[in-house]
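Shared chain: chain A. Partners: chain B in the first complex, chain C in the second.
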Partner chain A sequence: MTQAPRRAPSLETIGMSKTFGTLQALTDVSIKIASGSFHALLGENGAGKSTLVKCIMGFYQPSSGAILVDGAEADLGTPARAAALGLGMVYQHFTLVPSLTGAENLVISRADVGAVINWRAETRRLDAFMATMPFSVPLDVPTGQLAAGQKQKLEILKQLYLGRRFLILDEPTSVLTPDEAHDVLGLLRAMTVAGDLTVLMISHKFHEVTAFADEVSVLRKGVFVGTGKTTDLSAADMASMMIGDATLAVMDHRASVATEAEPTLLMQAITAPDRTGLKTISIANLAVRPGEIVGIAGIAGNGQKELLEILAGQRPMVSGTIRVQGGTYSATREDARHHHVRFIPEEPLQNACAPRMSVAENLALHIFDVDKNGKNILWLDRARIKQHARTLIEAFKVKTASLASPITALSGGNVQRAVLARELTGEVDLLIVANPCFGLDFSAVAEIRARIMQARNAGTAVLLISEDLDELFELSDRILVMSSGEIVFETPIGTADVSIIGSHMAGHH
Partner chain B sequence: MSGSADIGLWGVPLAMIGGAVRVSTPYIFVALGETITERSGRINLGQEGTLVFGAMIGYGVAIITGSPLLGVAAACACGCGFGLFHGWICRFPKVNDIAVGIAMMQLGVGLAVFFGKPFIKPAAPHLPAISLGWWSAVPQIRAALDVNALFILGLGLALFLNWAFRNTKYGLMLRVVGDSSDAARAMGLNPNRVRLYATAIGGGLAGIGGAYLSLYYPGSWNEGISSGQGLMAVALVIFARWNPLGCFFAALLFGGAGALGSALQSVGVTQGYYLFYAAPYVLTLIILTATSSRSHSLVGAPGELSITK
Partner chain C sequence: MSNASPDTLTGPAAALNTHRSGTRAMLARNAEAFVIPAAAVMVGLGAFSAFLMALNKSPLAFFRAIYFGGFGSAFSIDNSLTHASPLLLTALCVALPARLGLVIIGGEGALVLGGLAAASIALPLHGLPYFVVLLMMGIAGALVGGIWIGIVGALRYFRGVNETIASLLMAYIGIAVMNQLIEGPLRDPASLNKPSTYPIGDAYRIGDIPGMQVHWGLVAGLVACVLSWALIERTTWGFAARVSGSNIRAAQIQGLPVGKLILAFTFIAGAFAGLAGMIEVAAVQGDANASLASGYGYTGILVAFLARQNPLAIIPVAFMLGAIDASGSLLQRHMGLPDATVQVLQGILFVTILFSDTLYGRIKWLNPDLWTRAQS
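== the complex of A and B ==
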């Protein structure tokens, strides 16, 4: 093991600025993180959080400013130098190599490993190291087989194993269930309290920040806007520091659901192979009624993607039936058009757009081949496509330089607005949405959720697949939990409990 | 082969075993080389070209120097050169390794045909065989057990790689790079450099396989010497799930299938035996069809491989 600094280091940035060409990503940011503290860094997408931590970790060179580690000015020119000072980073996405075991992942991440690995000696040292840790993870299975919470623990163990005592965590809980998140953050919290570790956590979950962090710093548009003890700040204070004076879209009140109504979507006795082909997705019974949002909760990789693919006709079923408005649904363009079924898959730029085609063309994907009366046409009506696009852009406030610019040039929020505009325009009886707000900023999120709620109140049946429990609680009328390819739990929103849903997500029960 | 005892239909399995050992060696080397390359996350279809060029250069050098071992060394060096070239082109952004591989295949075969013209007539000294059948009086058994040193080297290499992928720093580094470029970069590894070396080693092994073709079995240089063995070895790697020992046994299976036609001929089947010359190709098709699926991805495939992404 590399020589570990005994104490948890403190860190301070002084007047840190970073420009990329003409873009000023960071302006004069000074943040102080005391030794053994748990510090949260808040900010919208694009506020400069990741630029700041990349400067600290030596991936970027700040344009001006200095970094002090333990009170002494440190030259963090390269990731290796940052590592030598005991700074480590845990990323939002796992950096473990899935086909290697935990032990192999740990050993190979060390710089001083010999050409031939003496596994007996290494195992002995790993066991001794694990004995000093407050939590353990099985090290003899390929990390691809570990649950997300265990992977995240192993990422943290890896940093500690490498002797890093200042950890930067980039949204560490976005892939975890609430229980796992609680578990992991609680352990880190205990280590900071003991003085073994200093933590800087990037997060956008206020309840986590309030529960686990001592202090919070907020960035907005590359500028440091404030800091404070979490005990002195409410969630509303932090939110207003993050978004400034921007106003958020307001959500409609819920109209009541006609529980007796014939379901718009009815999936029965469906079985299909999953991505690996080793497991089976089986949906015994799933009904979505008009004017109702049914939320599907679950940790990524438990069959939600496959469910979406089945509904989109991308994955053949072994057995079962899908009915939409009482009629058999086979996910063809004709069926979708006839029953007014619309899709908003996750990562809409890749999955719901032709990225290099223009905004106008992308907005016309439903109407380019038919005329006003729904008759098939042979020649494109350019004027109508433009007019259609203009109306949609106006109605959904899509910011684009022109109708002819490629849709890939738009920001993430605007791509999502454009797709939403296309899918929610016209008659919509069934809307299937997956992770619609992933990676978007507050104002876009608020607006998109308000639109979905509007569609619901207008009588659309909505199936919402999301990895964000807060989103599901905000929007759903019923929440279903998927685990290991099956729907294992169902609860109306009125009696829904995060911890019960979390334990079903984790597959306990 | 001098005189043969009458052992009837037993001749078929015996000839197939002998054939398997003889025919499989180039498959073993190309497949092991390709395993190293693919484990690093890159696919090199140029192995076919490297194999043919290695056959030509090995033969040529053996004629000129009189030493078949120098021929093997030269073929290995040229193969490394081809691998380095492939790896160097692929390090540029937006270059597709499969397309480059196809171009390299054409280049290798083309260069071999161009430079190989003078070597079609003269006979080169052969690689020596080790006779493992000395204990038997039956000539067919002795013939079947005439084993080339390269075959044994191939077996040793398969065992070594199987161990090295798990127990050496370089083996683990190779697997890290092949499974996740991001993880490799986070670890401070340069994926392009690891892949460059992996492709070079893979090319070098394919070159040795080529030298075996021209210097031992069939044992002469001509333009159609490989008949696609380099490509089939790439398919074989997928069949063997990127496992070196799996590659060895799969190569034996392919070799045995390749020997079926001549084995039938040797016991006096005079009609239709030539259909069995197609056995390796049919086997390739069956295996690729059987192991592919449109609803799930391959288990055990390196995550960075472009065909599995």
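== the complex of A and C ==
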């Protein structure tokens, strides 16, 4: 394993460009990351952040340009060479083997581990290694049993154990609670201050960048826009560097909620098995009134997906009732049509589109089986399907080559726009949304949130399931926290406190 | 605000890009479905030629033999069409469920049981008018075949049993049931060497199309292909099935009746295979015997995949494979090649077609969406 801890390396890219076919992903990018600094890399989706770090990590070969490590030109032709120079990467999602313990994960991650492992010697060396680390994680339990924050720490420990002293972190806190994120980033920060580590962090959370990074560099459309000390830049400065002169959709003012109104959606005493079949989802009481956005906060995997599936009729309930506009709701196509219930699940291409079908056909999923008067029909009205698609594409500015293009040919933002167009057109009394802004750029996010707020102000009851607390705070009228399959906390937005919500998300009630 | 939001998008207004939706684009989109399978067939024939040369046989002579055996004369064309006729129906047994995302390969079982049911119902109906008996035979064959494959669909939907394995195993069971019955309770004692049911009687046979030596079953197969195409491409049921086949989660969240669709489509698919069995009995065999299980159900899988599960494309593909089947004996006699050579050819074609599936959407001059690659 482990060489003696080396000094944290510095890294510099000089005039780096990368093209894929006709697509210029990076153009002449020069970034300097000093030894022992905590550097943030900002940019919209498709700005070239991941192309840049993949070039640094040796996964891609830059088309032109050079990389200096500790001031000397380095040949990073393969991931192995990048690793040998002490460059390591921590991904957004965990790469640990859940059924193995922390110690096993660390040892098997080494390239030089033999066919027979002397566990006694390895354990001794691991203990010695852990003693030099500023934080520890239990190494003797299967990593699947660790909390998300501990897993992320173990991912970082793994890189350090492998002798990596320059860490690239790709949105490292997206699966952590606010407290866990604070904890992990604080530890990294302390190691950089001590000069043991250099960090390059991809992030889109300005408050984390401001609180933990020294310097920030911004990419836009593959071009290096600028760099600066985080002490000199406000969040607004960074945002404008990222998006250039594009203007963002403006959010409607919030109309007041009629708190005495009959709830549009009322879920009572609901129980259902979760995905594993081992635990139970249990919703005692959940009401959403017209013109109200109820946000569901929670760490992924605490029953939010199951809640959506129950409402969509994909998961049978064991007991309980769902009422929509006072009537019993059984989640059939007829019920959804009659009560104007619409769904926008997360990752719309995977969950709300038929990828092999055309844009026009995907836009027609609500209307293909009825005529203008809502009567069921047997023969497709292909002219109407085309006309409907044309109207929606214009109204929501979906960018597509043609109506006949398969929906997979569209970019992520345009798929989301197409799904929004389909789900928000016509009368909508109840809208159920899950993580609508995953992986979208600023302007798409602003537009989608504005559209949801617009629907709310028009009287739609909105149930918003999101893992993004900023989004929930921006949109919700009430925030509920889901943990272990139950709603454990509720607060109106006026008195909502992010640290209290965070502690409930983490399971401290 | 509602007026403000459309102006706040990234990039310019989203007019449809006419240059990518014009006639040329439409031609390219349609050409893709022909060019890629044609190229795959060429590659497959090339690989098969190499195989023949390794056996010291001339590929040219082989393809000439296929040509003469399959298309060379009016007789051989009729022969090819006769072989193609059941393939049309057994290919539909694969193609219809495939559009729902189900890979069903057990049409052989539905075919033999459909044939057996048709033969057994004909006997007690002797004396009734021709069309009544034929209709009853058709209904019996389709019903039994439909139920047989419908069971596979039900197992899939209600119990999550893998439909591919289930249909294959059910095919073995179906063949075994037929053998059991024609050698036991349903056996005509007069059938000594080849156990068979009692003959349905010459009065109730399906005849030839006037002017050809091809029975009317061919017409039934063609009609079934056209109807299936209309069902999938032109009806709301077909649309719902295509949505479910493309993404079952999207179909469920839209409240589409996925379970009913699976049951209906597997039933129709099995009914077509059962009908193929009934036609084999009424037009070719004259009774139900072990020759029913001669592989039409399995060749139908190949036909459906070559046609990329498109019912209209099944028609020419079935004719082509019918020709290859029909020339099998000629190859044996003239080139001294074993019967299985034809299966080697079919197998190679199957593999190249499956490989070619990964090319769709990736060849620039066939995919208008790649013509001007936008960044967003």
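Assume the second predicted complex is superposed on the first by the 507 of 509 C-alpha atoms of A that agree within 3 Å, B and C clash if a C-alpha of one lies under 4 Å from a C-alpha of the other, contacts with A are read in each partner's own complex, and residues count from 1 in each chain.
Convention: a contact is a pair of C-beta atoms (placed from the backbone, for glycine too) under 8 Å apart; a residue touches a chain by one contact, two chains touch by 3 or more.
Keep in mind it's a predicted model, so treat the numbers as computed, not measured.
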Give one word, clash or fit, describing how chain B and chain C relate on chain A after superposing. fit
Of the two partner chains, chain B (first) and chain C (second), which one does A:Ala249 touch, if any: first, second, both, or neither? second
Could you work out the angle between chain B and chain C as seen from chain A, using CA centres and rounding to the nearest 10 degrees? 50
Considering only touches as defined above, state whether A:Glu467 meets chain B (first), chain C (second), both or neither. neither
Which holds for A:Asp170: it touches chain B only (first), chain C only (second), both, or neither? neither
Between chain B (first) and chain C (second), which, if any, makes contact with A:Val116: first, second, both or neither? first
Superposed model, chain A: greater residue contact from chain B or chain C: C
Please work out how little space separates the C-alpha atoms of chain B and chain C at their nearest point after superposition, in whole Å. 7
Share the list of chain A residues that count as touching for chain B in one structure and for chain C in the other. none
Going by the contact rule at the top, pick out the chain A residues touching chain B in the complex. 79-80, 91, 93, 95-100, 104, 107-109, 111, 113-117, 119, 272-278, 315-316
Per the touch rule, the chain C residues reaching chain A in their complex are 1-2, 4-11, 13-14, 16-17, 20-21, 25-26, 29, 234-240, 242-243, 245-247, 249-257, 361, 368-369, 371, 373-376
Sites on chain A touched by chain C in the complex: 21-23, 46, 221, 246-252, 312-314, 331-337, 343, 345, 350-357, 361, 364-366, 368-369, 376-380, 390, 393-406, 408-409, 411, 413-414, 441, 443-444, 446-447, 450-451, 454
Which residues of chain B touch chain A in their complex? 166-170, 172-173, 175-176, 179-180, 182-183, 186-188, 293-297, 299-300, 302-303
